[in-house]
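First chain A sits with chain B, and in the next complex the same chain sits with chain C.
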Partner chain A sequence: MNGQYAALIIALPLVSAFFVPVIKAISKKAVMPFLLLVTLAQVGIAGWVFNEVYTSDKPIIVMAGGWRPPVGINLYIGHFAALFVLIIAVISFFMAYFSIKAVKVEPLDKYAMLFLLLMLGATGMIATGDIFNLFVFMEITAITAYALTAYNKTGEAAEASMKYMILGGIGSSFFLIGIALIYGATGTLNMAQIAQLAGNINPTVAQVGLALLIFGLAVEAELFPLNAWAPDAYQAAPHPITVMFSAFVVKAGLYAAARLLYLMQAVSTWHSVLRLLVIMAVLTVVVAEFSALRQRDVKRMIAYSSISQVGMIAFALALGSQAGVDAGVFHMVNHAIVKALLFLGVGYVGIKLGGTTLEDFEGLGRRMPLTAFAITVGSLSAVGIPLFNIFWSKVRIMLAGVSAGYTWGVALILGASVVEAVYYLRLIHRIWFAGGGERLSESFALGAIMLFLVALILVIGFYPNYAWSLAQKAGADIFDVTRYVSNVPLMGVGA
Partner chain B sequence: MINDLMILIFAPLVAGILAWAFDVRGIREAIGFIGAAIPVVILAKTYQTVLSNSINYTITVGGFKLIFQLTALNWYFAAVAAIVGIAMALGMISTSRSGYEWLFALMSYTGVLGVFLSQDFIGFFLLWELMTFASFMMVLRNNRHESLKYFVLSVIGAYAMMLGIAILYAKTGALDFATIRQALYMDLSIGAISKGESALLFVLFLTAFGVKAGAFPLHVWAPGAYSEANQSYTSFFSGALSKAGVYGILLLYILMGAKLYAEFGTFHGHLTFAYVIAWIGAITVVVASFLAVLQEDIRKLFAYSSVGQVGYILLAFGVGTSLGFAGGLFHVLSHAVFKGLFWLVTAAIILQTGKTKFKDMGGLAEKMPFTFAMGLIAVLSLSGIPPMAGFASKWLIYEAAIQAHMPLVAGAIFLGSGLAFAYVVRFLYAVWFGQRPSDLDNVKEAPLPLLIGMAILAIPNILFGVAPGLVTEYINKAFGSEIVGGDYFKLVTPTGTYNALLVTIVLVLGLAIAGLVFLYGATTRKIPVTNTYQSGNPVIEDYNLSIRRNFYKPLAEALDFWLKYSWDRFYERIAGIAEDFADTLRQSFYNGNVQSYSWYLAIVLLILALWGVL
Partner chain C sequence: MIHISVYYFGAISLILIGLYAVLVKKNLLKMLIGLSIMETGVNLLLISVGYISGRSAPILSEGVGPNQAVDPIPQALVLTAIVIGVATTAMALSVAIILYEKYGTLNVEEIRRLRG
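The block that comes next holds the complex of A and B.
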């Protein structure tokens, strides 16, 4: 099959989103099944793309309208993008199903539309090869995320959304200024060409441009102290949306930051930016872990935990070494699985028991054994217990961190991880050894999804070889800029 | 041979998972027992092989090369763990009713074996964490606070180790022991690792292994964790799992000994770094033994005692001579068998009486004669009375300390032995003899599996006591030099000779004569056990000291000044401060005010500008 069909990963959700009102006009009940169907189709396409990229070991370059870059906009679906587009699609599919159970607030058609656009935005951010296109997708993601945060129509949700909007807005404005500067200096928006030209532009312009791009993305990537919106948004958003935030929306921001960072290696202040990012990432981990410690609401607690894990990924990506990027990507994959599982489990508890405070989790082992088991596995994995997946990526990050000379950073992150262990283990104790109650019936399909994620965690935990090889290839995709540039068939312009 | 090592390490884990999955009475126990027995069989099978050459197995997992190796030295550790492991399984058949406990008990068994067999830091760390986690889960079930204390300290230790591993990796580019050892040796002349970094590495690894071994002042988790787990499991926890820490210290010598010696030289004729370890061991022995004496709960007593006994091993390794290592290694074995036995005896007592405090017990010897006999063997061995294994090992450690001219350290051994005698006497008398509370009249002998488990641990106590040469000969072979001379029954060191067989014969003769005197010479008056009284002293309520209650209260009063300071309380306070700090941090940073959030953005921009990147 022609690689250009890969454009469907963008086209399908976009077109389907516009079709939602039509579907609604036909039958209101058909909206959610339609959503499920679209996400399933997206899984199929993403699976095909993944297979194509990993068997041929070459990226798929989609050229919009047949124009070769840098004249036309291109998508660059390399090893990283192929892997993550698949993850996005699979998680979205699961969440589409979960939404049927979890989201009862009307208007569902708007929800479905925003859901698809959120998925589209994240997919686009990861797949695009054009920096302005990246901005567009980032805005699509962000705006749908603001709307979805407020979707529950409670006061809290509105407030959280408002905060998110203000901070996100500031972030993306600066991002846009960064693009403008880079464009002004290089005359191109194509990422591969920017990489080629980055060494030749006026150093001041380049460094300001890079710093602003990273600043803008850091808001989306939840880096301290730009992540203040995140706990509120995570808590207020509908449960399936929280899963998506944690599993891939934030990852898209991280990826974009890492991609731009490595593309612009030639900028003279590159190492200072890296160092600043490392500092921010370490602080993210420390502050978020401590914030989670006495949290009474489990959903919020896991939100903090998610932020801290994201900080760890950012730390790894900002190390500036191949080992660090590989480890960071590996952690991204693991974190996506684990946090999807945790937020899914916690969200399901929220629906069934009407709340997600710590008290609601007492005796969960007796009331909802399957969900309790899933949350337990997720928690243990998040703590970094061996034979669960995160153990491997965490070890990788620590080794890479010290090798890159950030012993203090690793020490602080490890110290914060002790705090993480405490609150997760307290939760586990509460689930299994405190309180009790009547057994409730649990949804079979959601149980199957949770068990699938649990199985993934354990398989990677016991035998990480395959996942690690994927992460290595995807990491090389980000780190090896020369190959990135050579893969894009630029018309003979520029250097 | 390839799969043997994998089966050896992972058989208990697999059995544990199966036992947990098929949580049916009978099946669960059978699977668990088989899982615990497989390592014993494999170790027995490989006994001949390991002395001449090692068995290797390498597997690549997640880009890391994990190397497992069965050498003479780690075969010894694994064998000790396996003996205690199978006894634990037998004990658990009697005392455990849950698949959960089987899963985590056997998981920690796998962890311990894996730690001993790993020849690279990733496998070592992985199995170390697995072992910690599994043992934590055993405690979590019963007591959240104690288990978290244990876990937090362990995790701090483990993360210290992780940091150390990462530093070593950054410096040497290797994760396997052989290469790291060589690289550190080469570094003696290159000097890529500075003095400060060597010190940091030493402290990091010492913290990691010290926590597990329960070394002062990181021992505070031990009393709670040991007493709040299923007691059959505690036999393994205290008998084998704590040895992982000891093994780690040995590893520290093997990997970094030369480097640390080169950096820090000697202090009064001793290796400086080893001297630190010796003193940590000595202080642990003294502090823990004093605290053990003062306990009123049988489990707490043995928990502190266990901490103290592992202190002996650290002390022995800290002496830094080959005799010290031999003594320490011997004590690894004897501590495992006598402390394992003690915990099984405790398990039996708790199972049959449901009580844990001395004040509720007494006169059980008549009701549980076999358990009593086992307890007696353990008591004799722990307090270092020949011809038990405990004597032989302590004797070697003592010899080593004297020979190395460490009189103060040797003094700690003596003091510790005296205190050990003080607390076991109390155990012996308060539990087994004296007046029996009326609610214990219907107590029965412990169930058979538990008794078999005890017997498995009691036999080595006597066997290696009478024939200590069996152990020292193996240790000689493992080190490849004649450290302790003599034959099976005789230990010969440069400073002295101990003939266990002779002692045994004399002892048996003496007992026989005493028995004859007792049978034919003495006049006896038979009274019911409920009719003994307090050594003739009247008991007053306001100062009621009996062997069963506040027996060592005068000692506690004398130590009043020291007891005011407690590391445990100190750590609790730090934990409290950390929690409060967490609240403050969250409330001041995530304060919910979007204006301040916007300011954060502005500040970051400002920092970017000041940094010169904007």
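The block that comes next holds the complex of A and C.
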């Protein structure tokens, strides 16, 4: 099959999103099944793209309108993008089902539309090969995320959304200034061509431009000075949306930051930007872990935990070595699975019991045993207990940190794990050893989704080699810029 | 003939004025106005990056060939950025309306139910 069909991963959600009003006009009840159907189709397309890229071992380059880059905008679906587009699609499919149970606030058709556009934005950020196109997809993600955060129409939701918007607005302005600098210096917006020309740019301009781009992406990637919105938005957003934020929206931001970072390897001042990112990442981990300790609301606590894990990923990506990028990608995959499971479980408890404070979780082991089991496995994995998946990626990050000369990185990750152990074990203790109550019936399909994610955690935990080899290929896709450039069929204009 | 640095100076001043308003002002609407000013500054910066002294707008017409026009790409970018800015501002103002309904104020120091 022609690789150009891979453009469907962008086209399908976009077209379907604008078909939602038509579906609503036919039958209001059909909106949510339509959403489920579209996300299922997206899983199919993403699965095909994944299979295509990994069997042929070559990226798919989609050229919009048949124009060759840099004149036309291209999509670059390499190993990383193929893997993450699949993860995005699968999680969106699960969350579309969860939304049917979890979201009761009207207007559901607007919800379905925003849901699809959020999925589209994150997919686009990961797949694009053009820096301004990246900005557009980032804004699509951001604006839909603002709207979905405020979706519940409570004061808290509006407050969280407003915080997110102010920080997002500052971030996107920084990102555009960065684009202006890079464009002014290279005369191109195509990522592969920027990588080609990076060595010739004035190092100061490149340094400032790159730092601004990363600062702009730090809002979506939830890195320290610009992540104040995240816990509020996670807490106030509808439960399925929280899962999507944590599982892939933040990953799209991290990926974009890493991609831009490694594209500019040839710049002589590159290492100072790496150091900036390391500092931001370390502060993210430290601040988030200590904030998580103080939380009484479980959803907010896991939000802080998610942010600190994101800091670890950013730390690994900022090491500037192949091993670091591989470890970061591996941790991204594991984190997506674990946080999807945790937020799904916690969200389900929130719907069933009407709240997500620590007290609500007392006796959960007796009231909702399946959900309690899923949350327990997720928590143990998040702490990094051996034989769960996150253990392996934390080990990989530590090894990469040591070989890159950041020995204290080991102390950072071990320390963070100890803090995580404290608050996750407190939660597990409440679930199994405190309180009690009537047994509630649990949804069969949601239970199946949770068990599927639990199984993934355990499989990767016992046999990490396959997932690790995927992560290595995806990591090489980010790190190996020469191959990235040679894969994009650039026209010889302006270069 | 105005020297190009005037545009850069103006753009950067607008960005800084906007940033100041966002960071310092307490009234939500003033903060949103600050964001808009900042976006305008960034757009002006993008336009000035593509400016070439003495050339005209990149519209192909009689007497204006590709060599007499300024770089068209930044102008296309700014067009997109303006549209995105409008969408963000509209979104922010509608959330501001909800905030005013729920809290009865637009002072950001009083809109603080989520903490920790």
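Heads up, the rule we're going with is that the second predicted complex is superposed on the first by the 493 of 495 C-alpha atoms of A that agree within 3 Å, B and C clash if a C-alpha of one lies under 4 Å from a C-alpha of the other, contacts with A are read in each partner's own complex, and residues count from 1 in each chain.
Note that in this section contacts are C-beta pairs under 8 Å (C-beta built on N, C-alpha and C of every residue); 3 or more make two chains touch, one makes a residue touch a chain.
Model, not experiment: these values are computed from the prediction.
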item	value
Of chain B and chain C, the chain that contacts the larger number of chain A residues	B
Contacts of A:170 with chain B and chain C, given as first, second, both or neither	both
Contacts of A:61 with chain B and chain C, given as first, second, both or neither	neither
Partner chain(s) touched by A:156 [first = chain B, second = chain C, both, neither]	second
Chain B versus chain C as contact partner of A:374, first or second or both or neither	neither
Touched partner set for A:10, first chain B, second chain C, both or neither	neither
Partner chain(s) touched by A:385 [first = chain B, second = chain C, both, neither]	first
Chain B versus chain C as contact partner of A:291, first or second or both or neither	both
Contacts of A:194 with chain B and chain C, given as first, second, both or neither	neither
Footprint overlap on chain A, comparing chain B with chain C	162, 166, 170, 231-232, 291, 294-295
Residue numbers on chain B that touch chain A, as the complex places them	60-63, 122, 125-127, 129-130, 133, 136, 140-141, 144, 147-148, 151-152, 155-156, 159, 162-163, 165-167, 169-170, 578-579, 581-583, 585-586, 589-590, 592, 594, 596-598, 600-601, 603-605, 607-608, 611-614
Of chain A, residues touching chain B in the complex	162-163, 166-167, 170-171, 174, 207-208, 210-212, 215, 218-219, 225-226, 228-229, 231-232, 269, 272-273, 276, 280, 287, 290-291, 293-295, 380, 384-387, 391-392, 395-396, 398-399, 401-403, 405, 407, 410-411, 414-415, 417-419, 421-422, 425-426, 428-429, 433, 463-465, 467-469, 472
List of chain C residues in touch with chain A within their complex	15, 18-19, 22, 28, 31, 35, 38-39, 41-43, 45-46, 49, 73-74, 77, 80-81, 84, 87-88, 91-92, 95-96, 98-99, 102-103, 111-114, 116
Of all residues in chain A, those that touch chain C in their complex	132, 135-136, 139, 142-143, 146-147, 150, 153-156, 158-162, 165-166, 168-170, 172-173, 176-177, 179-180, 183-184, 189, 231-232, 235-236, 291, 294-296, 300
